[in-house]
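Quick one: this structure, given as structure tokens, is what I'll be asking you about.
The letters A, B, C, D, E and F name the chains in turn, as written, and every chain counts its residues from 1.
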């Protein structure tokens, strides 16, 4: 029993107690105010941490243990309710600092719009950045019913910033006709429906490049991730998603940061979605963090 | 079987098909983007309509039937996701039009901030307006973590506009110390914990005045309304809330509009909250709409 | 360990293994095919039995234990899905047999229509039968959208058979205007909203008479019984219902049979409704069964 | 803002406002009174409409948008609770009228028995009708515990009417031994367990023929459709079901009508089943409606 | 943004970061392995902390704010799964240390057996200790089906240790006949069904004495606390429980420690039980902690 | 109607009424007190029985009907809450008796630790026993946080007893590094991630040997079995599990007993897990019981 140091409460399992010594930083972005359908992903990070206690510390896939990587759980960024612009600015500033400190950013959403300021900050540090995007949705809208800050727009924003040819989307099964057409016209990669097989073809072409990977949990079929805002039938299995993470782990790309977004616990009483998310984070930590070198 | 006219779908039970001929208009304000705790009230209006099919058309309390009042269900106002300011402006403009057309506004939230533009519009038409407010929370903040547009602020805004002595709050059991102090200093009425008995004392003092009544469903104990964003123990029963509505119905005040907000269906699998809300709306229609005269 | 006699499975706690020796018989009537709103009460009896394992065998209210009464759980009557007429006929025949064998019938619904054939059978045996009916709804319709066999009709049917002056309804808060008017015209007793106080006035007038008591679980407020088809705010507490049962227990009426209907487990994940129902059944057993004498 | 025309409420997304101009008509058949296990599919159509708001209007599979087809949502047929025979008669009459008006019928159940009167009406118009049936269950019973009108019988009824060789079942994994034997003896096609591969073999043999397609949502594995009455492990994925719909779309058969039945929302808090159903309906609309020619 | 100190994660709202400076210590006892009905209270402490973020920091009942009391959240005691004896020993040792350090122990269960070692440790420090016990159940068994360590025994154990006349139970509505008889014979106070009124009579007789208060959340009616292992109809309201806490706060007894046990989140999707528990803890902190003097 | 023999209540569908005449015995082991994450599997057996009413009696996979096998449902073993050692002893004694009577034991958990005493008893009868183990987890720990009796240890215990080369694990995707290493060192078979294909290779090597098969429902992906204590993404489908059962059925091994454990109904409102479990049990009965030879 130790009463003499602060109880570190609900953190991701096996988090390192010291920021300076850590290679990676886990942080939550509890924002869901621009979603057009079902909100609730603001509670994703807290629930993922809570259920991580049920996680095995060893990966039978990668033959590594969490003790082999130092990561620090920095808690949630205190985003202002209902103010997308200020939230985005806070996130960008936060990531700037993390990158200045040489940390690998490992984010938990929140809605997908939170990935936009993260990717923007990454691009400032890595001018040759590429994006790997796994999602059910294109997220290529310019605006949603008049709002330029929407969970339907982050991939369009980053594609506009770094060039659409540097963005690779996988597993996409929903979007507007115009979004698919735009991607085609500007030469942005979109693999419809599947992730693993097309990823195997793309990865060699990115060898050596710094890559940020953003995963919307709804790339999984609703059977595997019912706890998300916009469920969309016809998705991939958790087996395929895990295999895709491992494929990246053994590739020659440099993963310089990643996130997992859109876990909304209230829609999943079984909590399988949060449990699956915590397992995905473990595989990201064990497979990707030390690929920066 | 009639195929020759548009299926009027999911409307509040017994709604009149014609706007012009109606005395009252029901409308939804599906906004929940500034809530500080649990979102989901955007789906309140739709679910209240859906379950209203299970509602008896006759009130055994008031001995009146829904056929005796003409009300039109105008659907939900298409509020822009994640933009509080634009949402508020749209609601105000909407109510301005309703009032210009001589309609009794009967709103369904959505978070409580939606009541602010409604009350503002009411005040333009009724300069001697008073507000009756039933809620677990004071909602008297100036801002919430820096945001002036928050579900914790609507009563403060209307009190600032029409004068705090014209605002009467009942059932309050939560708030910041500063909110209670401010109310005390400026002479705003706050009845803590209870509604019915203090209401009986206040109503005679408002005789003849135009009154807007705004009810946050969380004035009910969580036992009676689990399906809301911020559940708070120690509330009133649905019996007391119904009796309070009937007390107003038989008083000498002029009810010129009303709303019921913060029903968030996802937190209540039994759907008792939405069912209770639909019964409350029925009693508002039967007890209040024709008290304008 | 005993393998040598049939496992008696999911029966109501402390049921006696022998039909002949039992004073009372518990049986389920798993029918919900005429309900106009939410079905599911067919699973009520099974779930009530299942949760009865969590029930204390002693009543601190009546200072009696379940061992003091012999009751046999006969399982569910195998009613034909979707055939109301045949279901009703089967129930009537079943009760005829129970009464011929001198048993106290203790039924579990199922929708309220199942009480009609039970009461009909009771009347054949007890020509001076009175009915005590606790419910949120009048159930006095002649038909529902053209169907004479509906869960909205059982009290009308029995009132027509035994005379409306022999039927006493309590706790009623919903119905059509015509139903309340009819009751008034023919002199049938309806106590609106409350049960305990009006019951205290009625009971002495029924002294010595054989009475069948039918309780629709929705007489309880939805807070106390969310797991039912038609939830209706403004009901009584479980405390008041228990007190009403005890009031009957100590009165001078002869309770000759009773039922508890409309428990629909799917609408109540907490299973408080089924647990409450099992406690009500225990109090019926301990308070009413031996009042036949 | 338009107050001057009736709010069209909860209709399937992008429904056309005019019956006459529409090619297809969507209608609900909210009946669940003959089911032998878990009821609740009466609320399927309303919930599918409600969640259709979350649906993308464009199909990335078929490269078509909902604007390209005119369909009218006619609401639910007001079926009489608890009366299977009258319900069936009403449905048949309803479809007769739709067909007389030249509309493509697109039905939503409700239990599977509702498909029987639809198919019967189709056969009157198309004497060379064939049926494609996707389901976990044979539905080939003559009666269920004595009831000839049961959700276990519709395929037997239509097979008896149009000849079993004109009925093709896919994905079947449950039924009585006698049902499978009967099918074998009379030469009715049953593909056990799978849908897509056997469908590819059957479709060419039906080229040019008018075909009605009836899909029981439980053909999906419970993982993909937990919200149904009778869940049965070992089913197909939503990916396979979508691919099967597309296979039919590109075949040479003439789809003259279709339905999707047995969505029971209460068993699925995540609402993935209703969301999946709405996507299936979108693909039916985009892939099948204009194949009548 | 501060990365330089450990993220303090999921702690009870406004917890003080320093153990030494704190007057009270909050700790969880996540044990549920001896419960005879529904387990799950091991997750009570974590969920209570998680939802405490939605709590107002000011009590409108006591006119005090959480800033006025220093309390430290020490996290959960890491109890060994499935080993009641070792768990109990660990808890006792833990409390011994807290008391040696002069802290007010504020515990969260877990099942009610966890209160036994706490009370035992309290008695070692306070030989004139009295117990106030609010619960639906007597908890006076000697053993449960042969097991002396059971959630049905803690009050018997403490009564045996400190003398039954020093134990006062309130709100009791369930137990074995023998338990009530034993209490009567040995002169232990049991108030059946109610809490507030009998408490008002008892409190003056305890003036000046050190008192430990143990509250089983199931003293509340299931309507107010569905999220618990053994729901039992006929309980008190959350209003009455809050008033009872305040009655103790203004009495002359010295509250030297307290706990709240048996919150089991999985049985309450609305999370009203955990939210109510967090409010009760706030009132305990504001009303009781500084009454030690 | 038969009142003259005990209602056999909630038994697994089509159970034989007589122990002596039965070939197999179904029994529940309602224990969950050593689980390290989410408890609740104590209610697995009761719920599996309850939902078995929805099961078809014929297997379209094996072309057999339940009538072809005589099995007796002996109910649940009354295990003492919170006492792992005594529970284990009771189970072992129970199985000894079953085996002495020549019965095939078909157990339902409960947590996986219950399989340990069963396997121990089997080994006493069958000295050349082999174990087939399907699970997400290795369950090869020596102890869990100091407790040698834990749901993480049963496979280690049996491997120590019968020799690790006689234990074959399939579908494993979680465990400690040390567990996998130990298995490798001692030559115990572990197939990671998959079941069907490696099983096909192993079965011929076990031809003629007596084999006990223990299945943890979490070998299924959470999509297929959300209702279990420790959900773990990346599992097999219910289709693969059914195929694996059938593969064993047609192999040359002698299945001498089997169990299915870890169904925890509370985490699955759809009840798909319990329904799937009841189907798996049916296939075990039809495919394995008479392979004793």
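Here is the rule we go by: a residue touches a chain if its C-beta (ideal position, glycine included) is under 8 Å from a C-beta of that chain, and two chains touch if they have at least 3 such contacts.
Listed by chain with UniProt protein names: A, B, C, D, E, F = Agmatinase.
Note that the structure is predicted; figures quoted are calculated from it, not measured.
Enquirer: So which chains count as neighbours of both chain B and chain C?
Expert: D, E
Enquirer: What's the overlap between the neighbours of chain A and those of chain E?
Expert: Of all the chains present, those in contact with both chain A and chain E are B, F.
Enquirer: Taking each chain's centre as the mean of its Cα atoms, which chain lies farthest from chain A?
Expert: C
Enquirer: Counting shared numbers against all numbers at the contact of chain C and chain F, is it over half, same, or under half, different?
Expert: On the two sides of the chain F and chain C interface, the residue numbers are mostly the same, over half being shared.
Enquirer: Centre to centre, using CA atoms, which chain is the farthest one from chain E?
Expert: Ranked by distance of C-alpha centres from chain E, the top chain is D.
Enquirer: Check A-E, C-F or B-C against C-E and flag the pair whose interface repeats it, over half of the contact pairs matching by residue number.
Expert: The C-E interface is reproduced by B-C.
Enquirer: Taking each chain's centre as the mean of its CA atoms, how far is chain A from chain D in angstrom?
Expert: 38
Enquirer: From the C-alpha centre of chain E to that of chain F, how far is it in Å?
Expert: That gives a centre separation of 39 Å.
Enquirer: Find every residue in chain D that makes contact with two or more other chains and list them.
Expert: In chain D, residues 36, 38, 221, 223-224, 267, 269 touch at least two other chains, as defined above.
Enquirer: Chain contact graph: line, ring, star, complete or other?
Expert: Graph shape here is other: it fits none of the named patterns.
Enquirer: Under the stated touch criterion, can you name all the chain pairs that qualify?
Expert: Listed in label order, the chain pairs in contact are A-B, A-D, A-E, A-F, B-C, B-D, B-E, C-D, C-E, C-F, D-F, E-F.
Enquirer: Which positions of chain C touch chain D when the two form their complex?
Expert: Contact set of chain C toward chain D: 32-36, 38-40, 42-43, 78, 80-84, 86, 144-147, 149-150, 266-267.
Enquirer: Spell out the residues on chain E that touch chain B in their complex, using ranges where they run on.
Expert: Residues 53-54, 56-58, 60-61, 63, 65, 221, 223-224, 237-239, 242, 269-272, 275-276, 279-280 of chain E touch chain B in their complex.
Enquirer: What residues on chain E touch chain C, complex-wise?
Expert: Residue positions touching the partner: 36-38, 137, 172-177, 180, 192-193, 221-224, 226-227, 230-235, 267-269.
Enquirer: Quick one: in the complex, what on chain C touches chain F?
Expert: Residues in contact with chain F: 1, 3-4, 6-11, 17-20, 25, 46, 49-50, 72-75, 77, 93-94, 97-98, 101, 269.
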